[in-house]
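Same chain, two partners: subunit A is paired with subunit B first, then with subunit C.
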Partner chain A sequence: MANSIAPTYRARLNATQSTESRRAGYFLSAPAAVLLIILILLPSSIVIFLSFTDYQLGLGETRFVGLDNYAATLASAEFHKSLINTFIYVAIVVPLSIALGLIFALMIEARRTFKSFYRTAFFLPVTATLVAMATAWEVLLHPTFGLINTVIALFGASKIRFLSDPDVALYAIAAIGVWKQIGFNMILFLAGLSTIPVELYESASLDGADRGWRRFLLVSWPMLGPVTLFVVVITLIRAFSDFEAVIVLTDGGPIRSTAVVLFLLYEEAFRYFKIGTGSAIAVLFLVFVALISWVQWRIAEKQVHYV
Partner chain B sequence: MFERQTNRPNIESVVGNAILMSAALIMLLPFFWMAMVSVTPQGEVYSGALFLTPSLQAAQDNYIFALSRAPLLRYMVNGAVVCISILILQILIAAPAGYALAKLPFRGRPLLMAGVIIGLMIPIQVPAIPLYIGLAYAGLLDSYTALILPFIISGFGIFLFRQFFATYPDEVLDAARLDGFSELAIVWRLMLPAAWPAVAAFAVFSVVAHWNDLYWPLIVILRPELMTPPLGLATFRQSGDSAGNIGALMAGGVMITAPLVVLFIFAQKHFIRGMTLSRGKNPLNSKGKSI
Partner chain C sequence: MTNTIKSLRLANANTVKESDAIRQSSYGLEVHNVTKKFGSFTALDKVSLRLEAGELVSVVGPSGCGKSTLLRVIAGLEHGESGDVRIGGNSVTHVSPRERGVAFVFQSYALYPHMDSYNNIAAPLVMRELSALDRLPFIGRLLPASRIKHERIHARVNEVADLLQIKDYLHHKPSQMSGGQRQRVALGRALIREPRLFLLDEPFANLDASLRIHTRAELSALQRRLGTTTVFVTHDQTEAMALSDRIALMFAGKIRQIGTPDDLYRNPVDLDVAKFLSQPHLNMLPAEITMSGRALIAGEHVPFADALKPGTHGIVGFRPEHCRLVPRKQPHTFPVLVERLEHAGAEAHVFVRLLATHESCVVRIASYQMSDWQVGASAWLSITASEGWYFPRAARRREDLLQNELVSA
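== the complex of A and B ==
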């Protein structure tokens, strides 16, 4: 590629320019490097430090308390409850949004008509402002006049207090989470499907797997491996971080039934200003994200590259 | 074989379309219902009717009530100011850094690259507490600065630009240098225009994220005149101001959702690229091989 300029000339050019381009390198990357440190890396280190202290905003004395914040957090019933809530939420949102995203992607891929309408309809929730859409869901789910309860009543069943019944609220919030995530996963799967070479389908059809389930198992599913790994990881991280619907609709209630871990972090740090506890939860969250990313990386390294 | 195929998919496609169409309608139901309730008389909404009949009068009442009780337009202006400021600053900072990482050999480059990748993986909830404390000490809470500053550095933006710039031919750069282009001029006049699909996708990614964000504004903003659309709407919902007026609340929802939804419908391709860019299509996803 570099042959379009004579080699000797190019070397001379490089020599005169190397000092200059090094200086330019520092100059151009300096703002980003400084801001990266000030706004991300340093605060993230400070949060680790704070998690070992009893720091209080506005109070002078700060003491090292070792692992006290972690011990207190891990032992508190509040944290246990939020952990269980988070796991239930994640256990619903991750598999459902991935399975439905994949199914809809496969179905849309096979269509010849309305493709772009479907894509738009499924993806729209991803772009829409969740706070507004959550209030729309609240109206749909309203215990007395909500459309969904009107339909339930038509079938003769009794109405459900979706967001105020502690046995139901978390599932209602999770349903909103699934609704929001399906389109995102669908688009990633569609992108993955579009990279599968046609020849693979052709040779599969020679083996008799020309369509449907067999074709899916023989070609599509193995080829979607890398995409699926990515979808699982990003959906996991997103599901763990979701709590806007909780803040807007239930504020963690009724009786803490929708208080997920990141909601607890928000409460501790920014409502009660218990900086130490909040920091400890933030660090636990960071460890979790790092762990998932590391696992993803390890699996990805071992994965066979087909394309 | 071809005849078989033209016959068979007909049943398949009818069933497939029926399933997809019903699913699509369920996905769109909250949008449709929000819009319908916003233009329907209160009494009818409360009656729990299955089919709402909108009226011009109700539409007027709801939208005017919403606009008079909550400064929704102000929220939207705030949202636009914040999103545009963040986006411009992100690009101003990320593009030169991306160029340096892609094309300029300097010591510390691998270190910066590592920092960028770590930076793009750290969720905002982690540095949030120290950032909040820092802003509090600087007396900057409850200001545009508080809304904008934490996001002007985008590890993701740097990474994305670096990947795009890396594919730019070196010969053109050398020629430009001979023509007297400074390195900065190369970034703005050659690299960025050439990478405009990446810029467009990044713009969508950034604007959608910050227009929709509730978490950070909720933490740093108390004054109503500085609220962003999601925070403003959430406050309107909770305050007595909406006075249980569901139609007005839905009118507010329609207004703050409309800009992105309309943009999405007109610029779908960029939107989908931008939104899934976050890792879906970027080279990180091709298993770090290209890093």
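== the complex of A and C ==
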């Protein structure tokens, strides 16, 4: 799409634009460009620069250490552990929050009444501050008097120490991550569903796919392709960078079982004030997430855009 | 073009054999007293319509008259509050669209954008004839029973593609095709399962003028060849005239007149019908019928062949081709001022204004006669006595025409 439009557009620009209107263009885009530089490009450049130093907050002397920070980070067992934790977290949050978001969107779309009530109810977790909601989760997940354990006890099973059992804590944190992301994905899918032409459903109903699974596979799912791609990428990026719940509820523990990469970064930079190491982790993380998103986009884009 | 002619010739050669075979599998359609409301708006008001098996009937009317709603009720995409729809004599009012066995061609074509033409055309058969197991990739083809089904569908798609001459772009997706090509694929999807009815909702509206005429001819030939009962909705009266066995003209949720194109054109039941079927527009002059049964128009007594009820008021309507301009005063003519001339190819239109009443009329002349008239010139308008109609105020011109149709339905 973009490729086919860009050349003719540019040709027209060259043909008709005088220096004056070009200057006006620069002038008009200046505020946005300045903000972009100040808020994104400059800080990122500083982070990249700092990652090659041993800068520590509060200490005067700073030396240039080349790739030492990267070498140390890549070699550390702590970093490996946090990578694995992050992958487990992402592997749970991304598919579950997307699948459930889609299912809720389809169920709400199919309803005739209370549509906006359900839409709002499921979207609330997105608008609520996670730090505040995490407290509610802490109460729900409490090992002795938490609601969830009370229910589990009703069925005769032994209680689970959700946030203090190293085998369980990461999954509990992931469940909260899913809960938080579902509403957002659902809203995106609802928006996608609302753009599907009614005639396609009608055509499908005449063709013999009038409801359920067949109709979903023939119309809804393929037509949701572009939205789904967007949802997958955005959920991936969000899941990779989640760490509020970890800080509030488990502080990386027990025995580092919930220490995800961004938590490690936070610890290095803001607890131990090793800004250099923290910056190196940040850069590695940025490159990594950008790479995954790019690959994902390249692979999927060809398959979901039909027009 | 040559291909079309060839296929038409083929069709003619097989007419006798084919028509015998097809007439038996052809279904009639009856719409009986269907009413459909959207909130307080009545889209269809006790509409009745009856199609013989194999007939092509156009439903025509201005936008918002309910013609598309009627088509959608027949397809089962909308449900009327009352009334009955029968296909082949069986009521389908409570039957799902899927089970009605009708094919619908949407104005937007509604092709599945992620599928190529082949799969779009195959979709109705795939959805109907294949089980979930058959439709699985790879596995489906390994089972002998489902391989036979797949092969049958493949053969059918190719057959339809041959018929519509769309083999060249069977593997193109809708976004890669022109409007005309998409339109054919949409027709193919409708044809493939040998439906009981074709329902076409303005299928040519998105095509350019020359392609529209070409496709119209093809559709007509195809419909005659297949003999499938067809309801065709359009707002284009020329298209309806060209294609239809009969035309149903709708206004405000009601069918005003059903008849052959010639019936409608020559014998409109009321002013609305006459106006709708006139180009560029119908000439209308207020008239008074004297006790002696003569029409008094703009102070002039004019002889008129149409039925004139003495002592009534109404409107005399006549088409641009039902009148002529003369340079000098003659009996029963009206003095007019030439206001505008329009060239329209073989013919031309002269817009004139009556000096007596300031009403405007349009006269059709051959375009080579255009030089005879200048804007601002004076002339006399003569209405052909044997043509034109008298529409009494607040009454139909001919009550009998519509009634006959409805009684037989």
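In the analysis below, the second predicted complex is superposed on the first by the 251 of 307 C-alpha atoms of A that agree within 3 Å, B and C clash if a C-alpha of one lies under 4 Å from a C-alpha of the other, contacts with A are read in each partner's own complex, and residues count from 1 in each chain.
Everything below uses one rule, namely that a contact is a pair of C-beta atoms (placed from the backbone, for glycine too) under 8 Å apart; a residue touches a chain by one contact, two chains touch by 3 or more.
Fair warning: this is a prediction, and the values are worked out from it, not measured in the lab.
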| item | value |
| --- | --- |
| Partner with the higher number of touched subunit A residues, subunit C or subunit B | B |
| Partner chain(s) touched by A:L41 [first = subunit B, second = subunit C, both, neither] | first |
| Subunit B versus subunit C as contact partner of A:Y118, first or second or both or neither | first |
| Touched partner set for A:P95, first subunit B, second subunit C, both or neither | neither |
| First, second, both or neither for A:S241, with subunit B first and subunit C second | first |
| Partner chain in contact with A:G66 - subunit B first, subunit C second, else both or neither | neither |
| Partner chain(s) touched by A:P143 [first = subunit B, second = subunit C, both, neither] | neither |
| Partner chain in contact with A:T129 - subunit B first, subunit C second, else both or neither | first |
| Which of subunit B and subunit C A:A33 touches, first, second, both or neither | first |
| Shared subunit A contacts, counted only where both subunit B and subunit C touch the same residue | none |
| Complex contacts: residues of subunit A adjacent to subunit C | 197, 199-200, 202-210, 213-214, 218-219, 222-223, 225, 306-307 |
| Touch list for subunit C against partner subunit A, complex | 75, 77, 96-98, 102-104, 106, 108, 110, 112-115, 123-124, 127-128, 132, 173-175, 189 |
| In the complex, subunit B residues that touch subunit A | 9, 12-13, 16-17, 19-21, 23-25, 27-31, 33-34, 37, 45-50, 93-94, 96-97, 99-101, 104-109, 112, 115-116, 118-119, 121-123, 125-134, 136, 149-150, 152-153, 155, 158, 169-171, 174, 177, 183-184, 187, 208, 211-212, 214-215, 218-219, 229-231, 233-234, 237, 246, 249-250, 252-254, 256-257, 260-261, 264-265, 268, 271-272, 275-276, 278-281, 285-288 |
| Touching residues (chain side subunit A, partner subunit B) in the complex | 1-2, 4-5, 10, 13, 17-18, 21-29, 31-33, 35-37, 39-44, 46-47, 50, 57, 104, 107-108, 110-114, 116-133, 135-137, 139-140, 144-147, 149-151, 154, 179, 182-184, 187-188, 191, 226, 230, 234, 237, 241, 244, 247-248, 262, 265-266, 269-270, 275, 278-279, 282-283, 285-286, 289-290, 293, 297, 300-301, 303, 305 |
